[in-house]
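One chain, subunit A, links the two complexes that follow: it is found with subunit B in the first and with subunit C in the second.
Our next item is the complex of A and B:
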């Protein structure tokens, strides 16, 4: 089976660079911030990140980070371009 | 250079070249947060810190430990490294 790869998955992430992104991990932890860069492992660099722990009812802000953060791709499940709208 | 096609360590090395010697927060998967001066790092995200303090989740939570010597954190356990 051949893939008519109009847009590769990583191109979607590439287009998100310099834009807000919402990153969801395997645990109940999430990050929002501006996407600065990423690599083939989807290790990610985000700027001015907010770190959340999400429960059924609400998101608890754990920490606000100033500057850049290197977030390990190991536990990343999903990246949402545009960020988290409801916060 | 396109970040998308960069080799695995390049995003980290580009970032890390700038933050070596600066104060950082390093969080592990367990939620333990280590704050100190970044002495060195490698492509596995192994990290050494000096003047390290240990807190749970947030620096506002109580100080759990203060390490006078350098501290090595294993890359497999590292969730993130953040500038302070």
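Our next item is the complex of A and C:
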């Protein structure tokens, strides 16, 4: 048996609750906002989400959602604590 | 006699239940790949949807969710091909285990050929 890794992914996500997060989907769509909560499937609730479509060169803001938004974990590929950096 | 039987029966039942439980207990599963070896090493991770990221493995769990640091993503170009030069830095990231397609260490591997848009 190997020792458990020091940093557990879900722990990292848990620590970003109430902080900005950047969520990357399988498609070229991304969301940024404040992480409100998540579950075991990493379905995610974010607040005041901004929706982006990303090309090679730049990412384009396509929508701003007020209030909370449930984002299905099905299509989530990556979560980046701290939010989107290049904007 | 009948009293003894009555005494025994309740004792037997829990035993039977325990045996049944043991039967259904699956063999202990160890991870097929021990990621501890790659900890703090650069790894290349391919994801479903065709994304390719490289980063330093900082953590993981049983479901192969990963924690990467200094993550770099190789972006797809208009032809939907991953190019060598178009990258962006993501920093500290969590990658979902259920969309992970492949993971391999960077050390000891090199890019022989990578498709370009031409």
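Please note the rule applied: the second predicted complex is superposed on the first by the 85 of 87 C-alpha atoms of A that agree within 3 Å, B and C clash if a C-alpha of one lies under 4 Å from a C-alpha of the other, contacts with A are read in each partner's own complex, and residues count from 1 in each chain.
Operating definition for what follows: a residue touches a chain if its C-beta (ideal position, glycine included) is under 8 Å from a C-beta of that chain, and two chains touch if they have at least 3 such contacts.
Please read all numbers here as calculations on a predicted model, not as lab measurements.
When the two structures are aligned on the shared chain, A:68 is found in touch with subunit B, with no touch to subunit C.
Contacts of A:34 after superposition on the shared chain: neither subunit B nor subunit C is touched. Of the two partner chains placed by the overlay, only subunit B lies in contact with A:43; subunit C stays clear of it. Once chain A of one complex is fitted onto chain A of the other, the partner contacts of A:13 extend to both subunit B and subunit C. Judged by the touch definition given at the top, the superposed model places A:76 against subunit C, while subunit B stays out of reach. In the three-chain superposition model, subunit A touches both subunit B and subunit C at residues 10, 13, 27. By the touch criterion stated above, subunit A contacts subunit B in their complex at residues 10-11, 13-14, 17, 27, 29, 36-41, 43-45, 49, 62-63, 65-72, 74-75.
By the touch criterion stated above, subunit A contacts subunit C in their complex at residues 1-10, 12-13, 26-28, 42, 56, 73, 76-82, 85-86. Across the interface of their complex, subunit A is touched by residues 2-4, 6-12, 14-16, 18-19, 25, 29, 45, 57-59, 76, 78-84 of subunit B. Contact residues of subunit C toward subunit A in the complex are 30-31, 34-36, 39, 47-49, 51, 53, 58-61, 65-67, 75-78, 86, 88-97, 99.
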